[in-house]
Amino acid sequence: MSEPHDVSAVIEDLVAANRILAGLGVLDGFGHVSARHPAHPDRYLLSRSLAPALVTAADLMTFDLESNAVGGDQRKPYLERFIHGAIYGRRPEVMAVVHSHSPSVIPFAASSVPLRPLYHMASFISSAARVFEIRERFGTTDMLVRNAAQGGALAESLGCDAIVLMRGHGFCAVAESLPVVVFRAVYTETNAALQQHAIGLGGSVTYLDEGESLLSEKTNRGVVERPWTLWKERFAPRA
Amino acid sequence: MSEPHDVSAVIEDLVAANRILAGLGVLDGFGHVSARHPAHPDRYLLSRSLAPALVTAADLMTFDLESNAVGGDQRKPYLERFIHGAIYGRRPEVMAVVHSHSPSVIPFAASSVPLRPLYHMASFISSAARVFEIRERFGTTDMLVRNAAQGGALAESLGCDAIVLMRGHGFCAVAESLPVVVFRAVYTETNAALQQHAIGLGGSVTYLDEGESLLSEKTNRGVVERPWTLWKERFAPRA
Amino acid sequence: MSEPHDVSAVIEDLVAANRILAGLGVLDGFGHVSARHPAHPDRYLLSRSLAPALVTAADLMTFDLESNAVGGDQRKPYLERFIHGAIYGRRPEVMAVVHSHSPSVIPFAASSVPLRPLYHMASFISSAARVFEIRERFGTTDMLVRNAAQGGALAESLGCDAIVLMRGHGFCAVAESLPVVVFRAVYTETNAALQQHAIGLGGSVTYLDEGESLLSEKTNRGVVERPWTLWKERFAPRA
Amino acid sequence: MSEPHDVSAVIEDLVAANRILAGLGVLDGFGHVSARHPAHPDRYLLSRSLAPALVTAADLMTFDLESNAVGGDQRKPYLERFIHGAIYGRRPEVMAVVHSHSPSVIPFAASSVPLRPLYHMASFISSAARVFEIRERFGTTDMLVRNAAQGGALAESLGCDAIVLMRGHGFCAVAESLPVVVFRAVYTETNAALQQHAIGLGGSVTYLDEGESLLSEKTNRGVVERPWTLWKERFAPRA
């Protein structure tokens, strides 16, 4: 009758992820992070409409993959929860999703210059990050991903990648766990700033090649606990 | 005989707005934020000459639309209070005004490159923000808006827009409420930094088009409470 | 027999100036701020060799205009105290001097592009800030102003201006009081960052012209108390 | 039988160095700082695999110059400890090593534009900092320095310099003491940001020449205690 133990661990980590991403400036008043329900793969956990810095366990809602609230929860959800539902529906291995308006990334989402992996910490970025252009299929919109169709188109743009940029809007990161998705969201922001500066120097720039990225990505999985421990210590609410 | 209840709510929000804008770096020792008096549309509330980070309810003064202090208040006012009076006089729907020297915006106020909306959070910026050039009508000045004539010229430059830049000086944002004007001041600063970086990448840049801005602006009105709640929590004095 | 009262006021302000400039990042472990002795115009007050963030009244030393410690004070002085002595010797109206390695200013000190006043807060900067090139008269040095001759050459480069940049090193600001010199040091740094960004936009840039600067400078003198009050509140040690 | 007194001083300084470099943003969740053992020059002290902001004396391990843990210590070490062992093996005068992913430096490590000393604080940088390109000798890797051969190649790239950049990765700084190596790591980061900005101004840039660097470097050795005292005060754990 009681929830399995790992749900409470995921809830604790999801609250921590909200606070960490707000603390590091990857999320401000907007943006959100979710986790797939560990016991029900066709559901996901996401805060009610609230700034991530303020999220507590009591603010989490449960949604099905059509992004409808489960259990008659009447609280106001995020308008863009469809991002999460659509990705969990198409990527069974994904367990956590971040949507962010991270400041260094948005310029790349509006530019013809692609975001590329400048250093090993960002080796999860493909050789040129994809950009979701909502105009292509939906014409003039308010830029938000507001329904299942738009969520599906975004998920298609994401493909098998770890991140997708959104023109005039922000980006999404996905991963097999909350610590990894937080790592990716943070280092997407960092890499964008680094690449901006490297381009600004005016010389030629060498990016990681695909072989380097592949090997580095595997290595990073083994050390993700190190920043996660640090960030929880600094930003997560005390138990 | 007593003031209507919503005056005290506006006062509380105006103090919060001062602290928030200072806390987020949109105002430093200079700049100011005002609110139209909720019971007397021909008056507005604005701090005495004081750094916004230090403003309390007791520092607020009341001005008429000629920017004269009401009720014999002899305290030293801001030199540039005429910005506020002139805008309230010409824009009856405006209930709150910010004047700021926000760092990312000033470069655009001095450049031939116009500030434009790079992402949905800044969809209140018109397709190319107007710049008030005080030299045009007033020749050599100390750059301040020091009287009703200069205030009127600034308000004309603003026109029906949400913001106007001021060459060699800063910018103003206006809105129908304090939460919205704070939102606009913050995201004008953010958008300016983002556009700076997008231009620095050297490729072509895609801005929001007018249809996207219009729809996005409407959406943003519905979610402005989210950052406002966060910012009050972080920066407003405890009751 | 007792020191006149205004010495203790200057000491308090000089400690505050150290803390403010450190708190705002204009000084780091290095750099210094001095005040002319209010009772003895041929002497000045300056901390012993110590990071400005740590300076207290007990750390202040008194120097003559040859930058020798007065009263047999054997504590280790700053190597570059000659900057202060030389300027006080040549500019009788100057009552306070800052020497800083402020990060946005140093690029201008190394570049052929001159620092210019982009907005009214920095109207004390002449139409193109002068740069002291120590190589010209002294050849290969360790870049420091280590003696009276080098101090004199720096003071000559400064001329009648409010600031002088130092190639490969930093800058100096001077003023008729501590509040004004702190204002100038802070807004030199800010203006440098703003001008950097304005140039980065790639369009044409309009600077304050000389008439605007002159009028604005006069106005700023009247409002310098506002940021000074704020900064003391935030950074000065509690009495 | 007891350890000589200076070991405990080095341990205290090494913990301080970890906290300082984390506090100043030169290290984040990754990167590390080590010290050669003062009594056993063929050994060095380095934390177990842990974010530098969290390191305490109890987390330090001792390694030999092949980077094997001494005394059967079974705790998880940093993957890249070989950087430290290889440098201590080849540079007998080096007593401390930092490895960092410092944000302003990485763009130079990926660019054809060399990092050069823009101001006297960074006079330890040679006229053009060397870049270690791991591809040259090791082909496709995960970018890490994972073994003695890679450590040796990195140490060769370093040569007799104070720093070496690592393409797609970060940089290393070395010095004869912990205070000096922390100084160098901090001012490598600062100089990189300054040079970035100087280049961005678009004019010609004057760097320190070799004679100036040589003299300045000597001077800096004499004042390194000043920022070290400040940084310990701000960031080191209280005794």
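To keep things simple, chains are lettered A, B, C and D as they appear, and every chain counts its residues starting from 1.
The criterion applied here is as follows: a contact is a pair of C-beta atoms (placed from the backbone, for glycine too) under 8 Å apart; a residue touches a chain by one contact, two chains touch by 3 or more.
Just so we're clear, the structure is a prediction, and the values are computed from it rather than from any experiment.
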item: When subunit C is superposed on subunit D by its C-alpha atoms, the rotation angle in degrees, nearest 5; value: 90
item: Most distant chain from subunit C, judged by the mean position of its C-alpha atoms; value: A
item: Same vs different contact residues, subunit B with subunit C, by half of numbers used; value: different
item: Distance from subunit B to subunit A - Cα centre to Cα centre, in angstrom; value: 33
item: Where subunit B and subunit D are represented by their mean Cα positions, the distance between them in whole Å; value: 46
item: Shared-contact residues (touching 2 or more other chains) in subunit D; value: 200
item: Chains grouped in pairs wherever the two touch, ordered by label; value: A-B, A-D, B-C, C-D
item: Contact footprint of subunit B on subunit C as seen in their complex; value: 118-121, 123, 190, 193-195, 197-198, 200-209, 211-212, 215-216, 218-219, 223, 226-227, 229-231, 233-234
item: Contact footprint of subunit C on subunit B as seen in their complex; value: 28-30, 49-51, 53-54, 79, 101, 103-104, 106-113, 135, 140-144, 167-170, 196, 199-200
